[in-house]
Amino acid sequence: MQEKLVSRAKELLSDGTVVRVLGWRKGDTDFSAEPAFFESAESLDEFTYDGFCGANLSKYMIKASKEEGKTLVFLKPCDTYSFNQLIKEHRVDREKTYIVGVGCDGKLDIEKIREAGCKGITAVTEDGDTIKVATVYGDKELKREDVILERCKACKGGKHVAYDELAEGCDEEKPAKEGRFELVEKLEAMAPEERFAFWQNELSRCIRCNACRNVCPACSCIKCVFDNDRYDTAQKANTTTFEEQMFHIIRAFHVAGRCTDCGECSRVCPQHIPLHLLNRKFIKDIDEFYGEYQAGEDTDSRAPLTNFTQEDVEPSIVKERG
Amino acid sequence: MCNCSCGSEEKKNALLPQVGIITDIRRETPDVKTFRIVRPDGTKLFEHMPGQCAMLCVPGVGEALFSITSSPTNKEYQEFSIKECGTLTNYLHNMSVGDEILVRGPYGNHFPVETVLKGQDLLFIAGGIGLAPLRSVINYVLDNRDNYGTVDIVYGSRSKDDLVQLKEIQEVWAKAKDVNVHLTIDREQEGWDGHVGFVPNYVKELNMSVDKTALICGPPIMIKFVLQGLQELGYEKTQVYTTLELRMKCGIGKCGRCNIGDKYVCKDGPVFRCDEIDELPNEY
Amino acid sequence: MYQISREKMPELLAAVAKEMDLFLPVQNNGITNFGFWTEDAKVDLDTLKTVKSPKDAFFPQSEVLYSCYQKANKTSIEPAALKDAPFAIFGVRPCDVRAFDVLDRVFLSEPADVYYAARREHGIVVSLACHEPEDSCFCKTFGIDAAEPQADVAMWQVADGYAWEAKTEKGEKLTELVKEYLTEQDLAKEVEAEKEAIRTLIDKMPNSNLSLEGWGVGKTKERFDDPKWKELSDACLGCGTCTFSCPTCQCYDIKDFNTGNGVQRYRCWDSCMYSDFTMMAAGNNRTTQMQRFRQRFMHKLVYFPDNNDGMYSCVGCGRCVEKCPQSLNIVKVIKRMGGTK
């Protein structure tokens, strides 16, 4: 499939449809592909599309939309939701984007491979649902399902909601996975003290590196309130445990109704804090209060939190539900 | 050993400030004020050399590095000329005589007044608030007049109201022995019969002889064009000194903010000879 | 040389913790970081790489420098107390031990940072050789021997426990303190075998022998304008993951925290990757992520060696290699520029 993507990209570059390509560049190992811009046919020789291309490229289109000319971007099904949401928020320019939808069987999480006991990894090869890991300590075979990214466990399905063309190998009919809210339900079932302790423990590991915010396609403010030196909010360290909770909760509130559940926040967190669960709680509540809603499914509907209707729940719901 | 003059054997905590008290505030221009600061007991904060800086801090508001504008020959106090341009300087401009402030320093290197500059004819070129660090050198030179040759001072600002230390320039410097003061403002203005034009052009017009050592301070763009002008007149970069300004937090070359190339502006600077600046990556 | 069995280790740690603060790798929900020993802490000496390095022991992510009070127009300053009692840092890997030397170059050079110096003076470092090195390790590139930790006490994993060797006076004192848990034994052979095994493994790791040609002292002009910086930094998010997991990154910010009855002036880690790092009222001298990205690597691989007799300020711990959200890291920088060209 990779060769076809490269030759298509070369075609679109040479016929002038696009002036640059946004994709993934081969890393120095099998598992370190990096998001990259390609501006020439030769540079595309370094292009790769494999199990480790988990990075959601849609947010880079904010940067690319400010450049001259059109950009070809490869988007996986779930990435297209983020892209649509960025269109809705006028952050990216659809006219300057040429989307080639690419298929996805669930992206791999190198950290999970390491947790499965693989140390000193020298090569990782994908063989359908089997992941073969060669290490200096011996070889191992793992099941794809066991080492996919957390977000892929709640896959939205194979459908691309925005594209100009689809690459070979896309399965638009692939259904969404069940059980997206299982962990949220577990948290909801906890007593408030237990739930508070859970989050306090998780968030206590936060090092305020801002990776979650910087990678988040919904965090597209030009100047984040947490960077604004004019207010006391700009603290690079958590002066109190309260503050580390504040940062994540304020962020969750700010992206509520706009978060497509792309899961990048949890993918990038160096401390493995399950940040996506905060967002999923909001999504679940929105579904329950306003009817099912998937941010990024389209580019023009009014989102429940920015649309007033007579049927909207009253704020007192918070009290009623306890 | 403590690096201040107290003689204590205890290691000095370079990040710990001392309390200073503002004993005088002079308005220089619409957006520049000069603050005189001493210890609460009336003694001088510390000894410094011309070109050095100090951190001024208002707790809860901020801390920033300012050049010391008074001369080390002044045995009573230190002065800082400060332009209003951010949160801290804004706050400072609203402070009054008798208010307390935190001070630490002095930091950085200084103009080589006791070595290279001795015996030289000196050419000072300043723009706007850039006079602040040079004023320290000028007064040091005038107070040790016999150690130096002739002194030329080229100083310009946007308008006559933006000339800092105008009173001292006209009443002290202009009357001193072997000192020539050349003032200029950017545009014609009522009540101004002096020179009009930008500093770099004026320097070229004055056609200064090339046997002087030049000290420049002002906005980066002015420094760039003055340097070009001086080179056209035949000056070598090794004859020209200037200062760099970058964001600083610690003042002692550790916090990393003012690092360019192998230099820390707070510690290795702020004074650089122009040929030394050429060696730095172009990131200032 | 002494031996301590795996079973006895918890008792030894408890004995140390009874006498002094003990900072060591502790697991929380499967993630291992350095933290203080407590009775129910899940001590983890097996995980090779903690997420954060042990630099917190000497240079905490956030610390108060002094407090400031204003009463009736009078200002008083109360400096934070300096560390004045011994404490132990346990399970430090050889690369992280070298990182302390790098930090020393910064914080102990004149004028010394008294907060850091006090901790360094009282800290006892117990290191542990790397029984199972990983693919992200490249300490050998910087001349660090993962088999030969340089600290107050060195430990090696042997048979059913650890070999223990005091290397300094501080280390001997600590050994005295825990002697009842140690058994004197001739472990020379076992330790030698472990060292051999470690070195063999290290040599099999893909980045153990990177070429540093094109980097180091005097390479500013050659590297600074390299066009490769742009493509290397294109995907950089400008987050602080690399900086905050790095054992040698030492940039910091100084900020105020208003407690209500006074102001605490504290310093906290900062990152040259952050957009406001060099921002000042008069402007910003690094406005693009490419410039900020370049600064981080030029500092580690050129500027720092320039100022420190050729010593690099990267120790090859590989944390950034594993943790960068977008898989950008210093190994890629070293490989794609400089030597490999």
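Note that the chains are named A, B and C in the order they appear, and that numbering of residues resets to 1 at the start of each chain.
Keep this in mind: contacts are C-beta pairs under 8 Å (C-beta built on N, C-alpha and C of every residue); 3 or more make two chains touch, one makes a residue touch a chain.
These numbers were taken from a predicted model, which means no experiment stands behind them.
S.K.: Among the chains, which is located farthest from chain A on the basis of C-alpha centroids?
M.R.: If we average the C-alpha coordinates per chain, B ends up farthest from chain A.
S.K.: Nearest chain to the global Cα centroid?
M.R.: Smallest centre-to-centre distance to the global C-alpha mean: chain C.
S.K.: Quick one: report the Å distance separating chain A from chain C, using the average Cα coordinate of each chain.
M.R.: Result: the chain centres lie 30 Å from each other.
S.K.: What whole-Å value do you get for the distance between chain A and chain B if each is reduced to the mean of its CA atoms?
M.R.: Their C-alpha centroids are separated by 51 Å.
S.K.: If you average the Cα atoms of chain B and of chain C to get two centres, how far apart are those centres in Å?
M.R.: Here chain B and chain C have centroids separated by 39 Å.
S.K.: For chain C, which residues are shared contacts with two or more other chains?
M.R.: In chain C, residues 253, 258, 270, 279 touch at least two other chains, as defined above.
S.K.: Out of chain A, which residues touch more than one other chain, so two or more?
M.R.: Those would be 229.
S.K.: Which residues of chain C touch chain A once you look at their complex with the stated criterion?
M.R.: 28-31, 33, 48, 51-52, 61-62, 132-135, 201, 204-206, 231, 234-235, 237-241, 243-245, 253, 255, 257-258, 266, 268-271, 274-276, 279, 321-323, 325-329, 331-332, 335
S.K.: Can you list the residues on chain A that touch chain C in the complex?
M.R.: Residues of chain A touching chain C: 27-29, 32-37, 52, 55, 60, 110-111, 114-115, 119-122, 135-137, 201-202, 204-205, 207-211, 213-215, 227, 229, 232, 234-239, 267-268, 270-272.
S.K.: List the residues on chain C that touch chain B in their complex, please.
M.R.: Interface residues on the chain C side: 65-66, 68, 70, 73-77, 79, 106-107, 109, 111-115, 117, 220, 224, 250-254, 256, 258, 262-263, 265, 267, 270, 272, 277-282, 284-286, 291, 295, 298-299, 302-303, 306-307.
S.K.: Quick one: which bits of chain B touch chain C in the complex? Just the residue numbers, please.
M.R.: 3, 11-19, 57, 59-63, 85-86, 89, 98-100, 102, 245-247, 249-250, 252-257, 259-262, 279, 281-284
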